[in-house]
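Shared chain: chain A. Partners: chain B in the first complex, chain C in the second.
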Partner chain A sequence: MSSAVSRARMVRLRDGLSALAFLAPFLVFYLLFLVYPFGLGIWISFHDWELVGSFREWIGLWNYEDMFADPQFWRAVRNTLTFAAMTVPVMVGLALLLALGLNRQTRIHGALRAIFFTSNVLSVTVVTLIWIMVLSPDRGLIAQLFRSLGLEPIAFLASTTWAMPAIVATTVWWGIGFPMILFLAGLQQIPGELYEAARLDNASPWRRFTRITLPALRRTFVLVAILQVIGQLQIFGQVLIMTGGGPSQSTRSLVQTIYETGFADWQLGYASAMSLFLFVVMFVASMAQLYIARQED
Partner chain B sequence: MASVRLRAVAKNYGAVRAIHEVNLDVEHREFVVLVGPSGCGKSTLLRMIAGLETISGGEITLDDQVINDVPAGGRGVAMVFQNYALYPHMTAAQNMAFGLENIGMAREEINRRIAHAASTLKIEELLQRRPKAMSGGQRQRIAIGRAIVRDPKVFLFDEPLSNLDAALRVQMRIEIAKLHQRLDATMIYVTHDQVEAMTLADKIVVLSAGRIEQVGTPLELYHTPRNTFVAGFIGSPKMNIIDGKVAAITPEGVDVETPSGRLAIAAEPAGLAIGDSVRVGIRPEHMGVGKPGDGLAVVVEVVERLGDETMVYGTIGDGTSVVVKLDGTARVRTGETIPISVAATDGHLFTMDGEALRRTPAALEGLFDV
Partner chain C sequence: MEKRAIRPFSGDTVTLVLMIALAAMWILPTIWVISLSLRPNMDLMRSTAGLLPIPFTLQNYIDIVSVSMTPRWLLNSAIVAIGTTVITLIVASLAGYAFARIAFPFKRTLFVFILCGLMIPEQTIIIPLHAMITDWGMHNTHAALIAPRVAMPVGVFLMTQFFRAIPLELEEAARLDNASRLTVFRRIMLPLSIPALTTLGIYTFLQAWNDFFWPLVSATNSNMYTVTVGLSSLQGNFAQTEGLGFIMASAVFASLPVVIVYVIFQKYIVRGIAMTTGK
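Coming up: the complex of A and B.
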């Protein structure tokens, strides 16, 4: 009796150890590059911590108090949320439309799929350069379009009204390929017989879309939306290169503020506190989306 | 009334011709089964009737109206797919209601029809479930229910039972037969299972490589196959085909010399002369153990005892394989040579091209009286 119990315990121990052995490589990376820096970030955020040098003083929650009282910070938060609120719906909607339009097995559709995906592999520098040229009020594509219509060209990136939408357009153009591919993969999972059955059932194209296609894409939808929210809340490169946060701070983003606080002003403690805030926002947003998705299932 | 007529119907996929000018009449209330080997065009033909494939040539009429260009939903046909094709995000009831909602039917009428179909198929307790939460057989019933509520002129089935296990297949087969009687509906049913074909059909259509080989009642195909293809396709195990030469022409038929003995076949000798090569067809169930020196000498290779019957797999003189079905108590052993006798009236005779020679009236006597 007791020997049987101890044998069972031995087996469980052996299974646990072999599981650990399989997990070890990943676990090491996980601890080294995720858990440790994350913990360190929290630790640093309780300090007045200079990037270079050895000045490190424990100041408790002061960084957080400063942060919540800092209008610069709130401005960046607002800009970032505005940017995400404009980009994510456009990105998701447009990616779905493109996927629907390109979900056909002809050579032309294949070529178009490849073209739309290509912008995805360009670096942020290339993408922003292209768009700075396109948006240039002197010789840009859009400026010429305006002139040919007899309109005065707009200096998009120098306008507090238009700089943000211009960055949104750039970002959508840059990132549309990946969500489009995810939607295409989702569409290709839907058995063709369902549409045939729907044809026999006299379903209009709209009914087929709302009753078969959309429900089948729900999981893809949630995935794309979460990835987009996480990605777009970290907007940085486009702003830095295209506007530098201007004009008059109208496009300054949170990550940009974190970057400048940490690496230009050397206030690593304060920057860490803001990073943690951004993390919490992204975490809450993702969980909320997952929760909503569960509810409807 | 619901009769379907196909006139010289053809289908091309690019340069490939999948269906060659098929003519077929399906009468009101008839249960027609399309059978044939994989890739012969059964599904293609059915899908053309459904309106899911375009028609490359010829004409399909439903109640004397040409429907070539009528969209699938407007033809008054319902189809049950092999993989059921139930809408995964709808409950069983919603699946059935979908087609009716689309034509703007009143809610009470929809509910009445669903309730009626549900009681016919005994699926009341499944109505609020999604397909995910059902077994294969239950999904099959919902798929049939979805067809029934539309009250179609013609039901089309594309191998509806092939995803079910053997026992369930038999049960559903019987239920479909009952359904046909109860609904008085015209049904066209595709299968490659010849037992399904034999048991369900009023009329079987045997297809091969996009052409109709023969159309007839199950017993017609069994007793008077038009060629070796149909002879081999209908009946299980397959009919044995043995090459031979005409040895004599008698008042009763033709005597054929095979590599393992002489057989008399009650078939019309039309156009045959002594010495001509012919093919003899004998079904395994028509063979029996005869007196030594009689009929065919078969070398036994494998004996399968199934209890009620014994299957004997052997070869004859020229190496042709033959299957013999004997009763359960037959004394046969591997390695021995047994004399197999065949009644002349049970044999079939084919030309070397595989065309059947007509069986004599004596051979056909009583076969269709059942």
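Coming up: the complex of A and C.
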């Protein structure tokens, strides 16, 4: 009896040790390069902490007070929200249209899907390089088109009106493949019998779309929208490379402000406070995603 | 075939024509840039019009290989992306196996603790991460570019899900033969998980190759640039027209590895998107 108990205890101990051995390699990376920096970020945000040198003074909530009183910060928040508000609907809408139009298993549809997806694997530097050229007022593709129509070319990236839409267009071109694939996956889960039945009832294509396709895609739709919001709130590379935040601050984003506060002004404490603000915003968005995913199960 | 056609808007010719037109528009900038990269710089100073590389030259590509830093940057990117991928596959599959198969105390708590890491995007920890690596004197090393990416928990999550779906019987037979956990893992679980590992590997590789923010602030020595950061440093010279073809060729050249990976592993990438978003 007691030997059975001790054997069971032995097994449990052995299992615990092997679990530890299997988990340890990942845990080392996770604790050291994710959990610790996250905690350190909170700690730094309560300090006046300079990038170079060892000047580190505890200043409590000052960084946060500064942040909420800083018009530059609110400007960046507003720009980031504007960017997301412009990008997400275009991205979601266009991705849905592409998925609907390309949801067939023929060679040509496959090739077309590949065209829309390929830009997705390019890096932000390559994508912006391409689009700076396309948008260039003297040598760009669009300028050539404008000239051939007898119009004056526009310096898109130097205009407070056009810089943001230009960055939105670049972002949509870059990222459309991802939501398109998600919508395609959603469409393929709709049973063909539903459409069969609808056709027997002589339902028009539009009716079949609004009564079958759209309701069935509801979950995918919400998932795509939230993923897009989370992704687009982090906009950084496009503005840094294409406009540097200009003209006259009209495209400066939140992550770019964090980058410049940290690595140009060397104010790590202040930059950390802004990072945590971003984290809270993203956290709320992720929670919304989890909540919706749970609800469906 | 008929079954597909009854789905609204996907079968008719008008839709197809519209899609082809849109796709042509979509691919136009890429074709134009590739064509620019195949034209002499002198010629581009006069005009950038036209979609065909006439006059044609390979000089820009020869310059990249012979005089530019791009090969060095590509090498850095390759080391970082392959290093990140290999280490991620190892640590994520080991941890995933433990979560899927071994009973141990506080398993649920630990799993949730690791899932919480999914909520921390790179941008929100980059400042403290930079301060930490500065204290350690580790900037401008490949290790500093690799380690923070390995810490991302998405791989552990995927591998746990995958191992859970493998039938227990396969493993139990081997366990009766007194095989150790590690042997079971290596001989039975790993061979079965090649599709999952491929999917995770491609995903990790592409993410690591295209990473911009972290290498931008950590690799500040031009010898240590990844190709993504190196290309953005070239953009400073953008105003000068002389090197236009050269810059475009660098962009094309730098994209070849990811495009090749994409073409070969297209199927896995599509599946990876579905897996990482929990569809």
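The definition used in the following text is that the second predicted complex is superposed on the first by the 250 of 297 C-alpha atoms of A that agree within 3 Å, B and C clash if a C-alpha of one lies under 4 Å from a C-alpha of the other, contacts with A are read in each partner's own complex, and residues count from 1 in each chain.
Quick note on the criterion: a contact is a pair of C-beta atoms (placed from the backbone, for glycine too) under 8 Å apart; a residue touches a chain by one contact, two chains touch by 3 or more.
Quick caveat, the model's predicted, so the values are computed rather than measured.
Following the overlay on chain A, a side-by-side fit with no clash is recorded for the pair chain B and chain C.
Looking at the shared chain after the overlay, A:E65 reaches neither chain B nor chain C. A count of residues in chain A touched by chain B and by chain C gives the higher number to C.
By the touch criterion stated above, A:E57 is placed in contact with neither chain B nor chain C. Of the two partner chains, chain C is the only one that A:A185 touches; chain B does not reach it. By the touch criterion defined above, A:D265 reaches neither chain B nor chain C. Applying the stated contact rule after C-alpha superposition, one finds that A:P215 touches chain B and leaves chain C untouched.
Of the two partner chains placed by superposition, only chain B is touched by A:D201; chain C is not. Superposition on chain A places chain B within reach of chain C only down to 6 Å, the least C-alpha distance between them. Comparing which residues of chain A touch chain B with which touch chain C, the overlap comprises 196, 198-199. Of all residues in chain B, those touching chain A in their complex are 50-52, 71-74, 77-79, 81, 83, 85-90, 98-99, 102-103, 146, 150. Contact residues on chain C toward chain A in their complex (touch as defined above): 3-4, 6-11, 15-16, 18-20, 22-23, 26-30, 32-33, 36, 48-49, 90-92, 94-95, 97-99, 102-105, 107, 110, 114, 117-121, 123-132, 134, 147-148, 150-153, 156, 181-182, 185, 206, 209-210, 212-213, 217, 227-229, 231-232, 235, 238, 244, 247-248, 251, 254-255, 258-259, 261-262, 266, 269-270, 273-274, 277-279.
Interface of chain A with chain B (complex): residues 191, 193-194, 196-204, 207, 211-212, 215-216. In the complex of the two chains, the chain A residues touching chain C come out as 12, 15-16, 18-20, 22-23, 25-27, 29-30, 32-38, 40-41, 43-44, 49, 51, 98, 100-105, 108-109, 112, 114-116, 118-119, 121-126, 128-134, 139-141, 144, 173, 178, 181-182, 185-187, 190, 192, 195-196, 198-199, 205-206, 208-209, 213, 220, 223, 227, 230, 234, 236-237, 240-241, 255, 258-259, 262-263, 268, 271-272, 275-276, 278-279, 282-283, 286, 293.
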